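Report on one structure; see the data block that follows.
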Amino acid sequence: MIKRSFFGLVKPKLQYEIIDDAQPEPVNINASEKIMLYIDQPYENKANSLLKIGDQVKNGQKIEVVKDADAYMLSSKSGQISNISSFVGFMEKKLTAVTIDIDDQANQLLDDSFKDVYKTPSMENAKDLLSGLPGKPDFDVFFHPDKPIKSIVVLGVDGDLLTTTNQWFIKNGIISVKTGIDLLRKITGIHDIILIVPQHLAQVAGSAGATVKTVDSEYPAAHPQLIIRHILADKNLGGNDIASNSGIAFFSAEAVSAIGAAYKTGQIPLDKIVTFISKDGNKQLVSVPIGTPLQDILSQLNESLNDGDRVIFGGPMTGVAVYSPDFPVMPDTDAIIIQDKSQVVERADVACINCGECVRVCPANIQINQLIRFLEAGQYEEAADQYDLFSCIECGFCSFVCESRIPVFQHIKLAKHTLESMNAAEENNA
Amino acid sequence: MNEMVKMVVVLTVLSSVAGGVLAAINKGTASQIEAQQLEFVKGPAIKAILTGSSNNPIEDRFKIKEGDVEKSVFVAKYDGKANTIAFEESGKGFGGDVGVMVGINMDTDKLVGAAVTVHTETPGMGARAKDDPSFVSQFKGMPVKDSVTVTKDGGQINAISGATITSRAVCVAVTKAMSLYQKVKPKLQQEIQKVGK
Amino acid sequence: MPKTLVQEFTKGLWEELPPFRLVLGLCPTLGVTTSMENGLGMGIATTFVLVGSNLLISMLRSMIPTKVRIACFIIIIASFVTIVELLMQAYTYPLYLKLGVFIPLIVVNCIVLGRAEAFAYKNKVSFSMADGLGIGIGYTLALGALGAVRELLGHGSVTVWGDLSYNLASSFPSFHPFSFMVQAPGAFICLGLMLCLINVIGD
Amino acid sequence: MGYFELIIACVFVNNILLAQFLGNCPFLGTSKKMETAVGMAMAVIFVLVLAGTITWLVYTYILVKFGLVYLRTIAFIVVIASLVQFVEMFLKKSIPALYAGLGIFLPLITTNCAVMGVCVLNIDKEFTFLQALVASLFYAVGFGLALILFAGLRERIFLARVPKPLQDTSIALITAGMISLAFFAFQGMV
Amino acid sequence: MPNTLKLTVSHAPFWHNGSSISSKSRNILLASLLAVVPGCYQYGMAAVGVVTMSIASAIIWELLINFISRRPISVGDGNAALIGMIFAMMLPATTPWWAVVTGTFFAVVIAKEIFGGIGANPFNPAVLAMTILMLSWGNLFDFNAALLNYSFNFKAVYPLVLSKSFGAHAVEPFALMDLLLGKQIGGIGSTCGIGLILGGVYLILRGFIRWEVCFSFLAGIIIAALCFNILNPELYAGPGFHLLTGYTMIGAFFLATEDSSSPVNFIPMLIYGFLGGALTILIRNIGTHIDGVLYAILIINLVNPLLDKIRPKAIGKGV
């Protein structure tokens, strides 16, 4: 666990994990009985649903709740749907949870809708069939004619601390990343592709056929907003584009690699590389089929959970704590952290003491000491108008340093979410 | 139009009635007010200085003019002899002017006393100049001379602790009174004779 | 609102007690309450104006045109204020000196104009009298109480009209007067705390 | 007293609100938000300069001349009330932008002790015309300054966990007391 | 079995740098000891009594108010103890117990708790309480009178009284080194310059207080004192004297730096400190009060909300 440094004159620094040379291959983990897929689509009208309990699904098959929805998942196994339910996720998001009982491992069936099209790569079939790839590539951004994409940024860095998933792809899979980059260039027609990597991987990255840029090793330099601001600022993208984050599409190295592999082989890769951090702080990469419940990983790595422990999906700064070991690996689960009860720092219900630590670490220059007062009082509109709520890039640094141990970051996310849903409701009514 | 006329009439009548009533009350109270002002503003100070006089100094007052200032002078009789006068001077204190009534025995040219009349000093600090007699009692018996100052400025008056500014103001007032007295002494003597009779 | 005469009178003593319930008339409340005597004196002077102007305005209300009513109120109120000024100068001069600028300021005291507009202009004479008297007495008591607290703590004793007096030092010989209370900041803080107390009792 | 001292005295030492207790109702009423505080401050400065000088002229050249000094109160309030009306009408017609900013505050000023109080103080202190003008302006500036500083604090206090019986007016008064205490810093500087 | 497992669910981030209000309070208390211990040595058991009385009564007031307002007990964060300590540092060792108790009441209850507790106080509680007491019982805090019965091996006159009443030449006998070592009369924890500086530097290095505020406060003192001194060297003492007398050092390191009433941004911190220092000298040289630090701090506390409106643009805004 991190301790407050003795000298506090300089502001605290957090270093990204650096992948070392003796990186072993990821351990393969397999789903034992079932997989679970969360689809970003409410499960409301059951009669209307495409899914039925007992349906047979194949490995690589597209699982969607309603026809032609943007959100779908790809099943990483073949088997039978044994349960479909509504699920309330983070920030009250309504999802559909689909459980699939896996067929006997020997009898795995492959779906062949992608086989039919992979010889003719295009944006359309990528959007239609590949959004569920590990790394969760977002193809939708290419379909907004009013916001044309001018550049593609491939992140060979990891967004959060302790995580090494994307770096691993640069270091050990640069060839498939290169394949992916070439493909992206082909299907999008965009030539300006920038590969962002940590300093020590710049050399390796040079062979990927993209412009290589390096980022600082200090958190949160690898945050997309900060990359735009500090690293891409010198590129001639036009002031407004930089500010509004449009005109740039971000892909993780893992996703790019997966796109390359898919189009090269005609088979969709559905194993996710996850950085797994056990209670004793031991880090290892595991390769897991998407949808595999955490329990399977734990039992295959001989890790056990006790009451009061904390399981974090994602990194230590921005992840989400889950309440059950049944929670499955998702396409964007880059890390899983198990914290022992003794490592959990308690939060308190004390008011902000105006120490200003948060203000000094905030990469977005937000007056958090004032912002938090409005947020605690529930005055979200004022917070957004006067104290720059929406400038927050959600790095979590403010909560990390808060002397009162206020869950500042959570307040910010909650406020943003509330305002966004209010605005959405207003637009719907109008 | 009708309404307009009514408005004007009402306002005019109201104003004139108000003006008339006030004028009447003003007239009725005028003399009483003047008496009260002397009684309460100057009265306590005069009584404090001119203790035991056989007359009422407020009644036996006269005005003298020196340059363009006009001063009320109060006269006290002792043993049937009008030999002591008192009048007011002021100095700049902490919160504004401090008025000081200064009494002088014209036979001996010595101060019979000084007392603060009006002031706007802080209660508990400068206001002690008025409330606490031990400060002004230092002036009693002092001969008329050129100036009086506090010890801090090299003089002989011990300032009220925490209120040197007020103390200085009182000294300034007494100094002014002494110099005025020296200037108008002859005139005073003439006037005082009239009261003596 | 069918209220009795008694209710109109008593509302000023608690429900609409100024300056605590009706937060108006604060300047004299803060400015003159360095002693109980000043507080009571100010309260009585205000009551006189309040009752007088309520009475007259209520009597004349059918004659006063709506458009110029504020002007008429002001003339009436200002006349009563001037009468108080003159009478106080003539008969209670020391008190007049202590209250200083706050006597002419009764004319802008938000309570007086507020009552004229909100009550006297709409109600009959007896009710307006009861209202004015109730509010006035409530205000007087409030100012007196605030003055008493400040004087007691700030000077260690309370004296009203020379003879009615209580000296804290006689009960607590080593009490040192807390003169903060009679200074400007003490006025605000004391009033704030009394308001809090009233809120606590009110709930 | 020179003009510099007069200014310091009016703004800081004898601050109309914090030392002389005048204008408390608008002080508490318009300090909840910074914008209203600024609006009120501007309106008071505007009206007070006019009222302070006009009442001085009325007093010196009408009341004193005709021996009507006892009508001071009534004359001043009539001057102030009509002035406010007039300013309101004038602004509405000729400078609507300013009216939009100050308009709602103007009626409040008629019953503002600070305005009437400064007019009376100008007379009581026997100021000359120029002194009365300067004093009126800077008393008003002092009022505005106190109001704006107070609004700054109040915006924060509004968001704090103040116990219920103390909320709003009660805590505002206590804060005002503390500001008044802070202004003791300037004592003796003139 | 998995269904009964109770995992901890909480919000991101899942790491914390370990800082806390109580550790900050502990460290400031520790740093203040560097000045309080020499003070207690100088004034003996009376000073120890005042300090313990002050800390204890501050804690008790906070407990009482927690109880009355039915809020969680908050003395654990150490803030009440800290307020008691800092208040005691300004007091003369002869302060009677009832004045100490009244002072901590104003500091803890009036200045802090009724605004909503820690972090909500608009003014520094200890300073506010001290000025209120000084207004009421000036004679208790007239150091010359209060410490009359002590005999010291140095000139036992409160230096600022001398400079105020008799001008700069009256303070020539004070060697700056003596002042720095605490050879002067004054508050229990406010005279030992070296202790205060060491404590302050410790707090700055540990990141508990902001150097911007301390340094700009001291810079304000030096520059303003220098200006006055150059203008009239007869009347106005030089910067060295002003730095090492009165509440200057405790003001720079322990009073102006109080979190809740001071700004958090760089430029505002500089203005805030400088204004405080300069105002201190202005009050000392041309104002009424003997020492200007307390009132200067109240004034800068007052302008703090306006100062802190000067802030860098958030990203994505007005680029």
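Each chain carries a letter (A, B, C, D and E) given by its place in the written order, and its residues are counted from 1.
Note that in this section a residue touches a chain if its C-beta (ideal position, glycine included) is under 8 Å from a C-beta of that chain, and two chains touch if they have at least 3 such contacts.
Note that the coordinates shown come from a computational prediction; the quantities given were computed from them, not determined experimentally.
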* Treat each pair of touching chains as one step and give the shortest count from chain A to chain D. => 1
* Any chains in contact with both chain B and chain E? -> C, D
* Furthest chain, CA centroid comparison against chain B -> A
* Chain occupying the middle, per Cα centroid -> E
* Structure fact -> dist(centroid_CA(chain B), centroid_CA(chain D)) in Å evaluates to 33
* Taking each chain's centre as the mean position of its Cα atoms, how many Å separate chain A from chain B? -> 87
* **Inter-chain centre distance, chain C versus chain D - centres from mean C-alpha coordinates, in Å** => 22
* Asked: So how far apart, in whole Å, are chain C and chain E when each is placed at the average of its C-alpha atoms?
  -> 41
* **Residues of chain E touching at least two other chains** => 110, 114, 116-117, 119-120, 132, 135, 288
* Asked: Using the touch rule from the top of the page, what residues of chain D touch 2 or more other chains?
  -> 70-71, 74, 156, 160-161, 166, 171, 174, 178, 181, 184, 188
* Would you mind listing the residues of chain A that make contact with two or more other chains? => 351
* Contact residues on chain D for chain C in the complex? -> 18-25, 28, 70-74, 76-78, 81, 110-113, 115-117, 120-121, 124, 164-166, 169-174, 176-178, 180-181, 184
* Asked: Which residues of chain E touch chain C in their complex?
  -> 102, 110, 114, 132-133, 135-137
* **Contact set on chain A toward chain D in their complex** => 351, 373-374, 376-377, 379
* Where on chain B does chain D make contact in their complex? -> 18-19, 22-23, 26, 94, 165
* Asked: Within the complex, which stretch of chain C touches chain E?
  -> 176-181, 183, 185, 189, 196
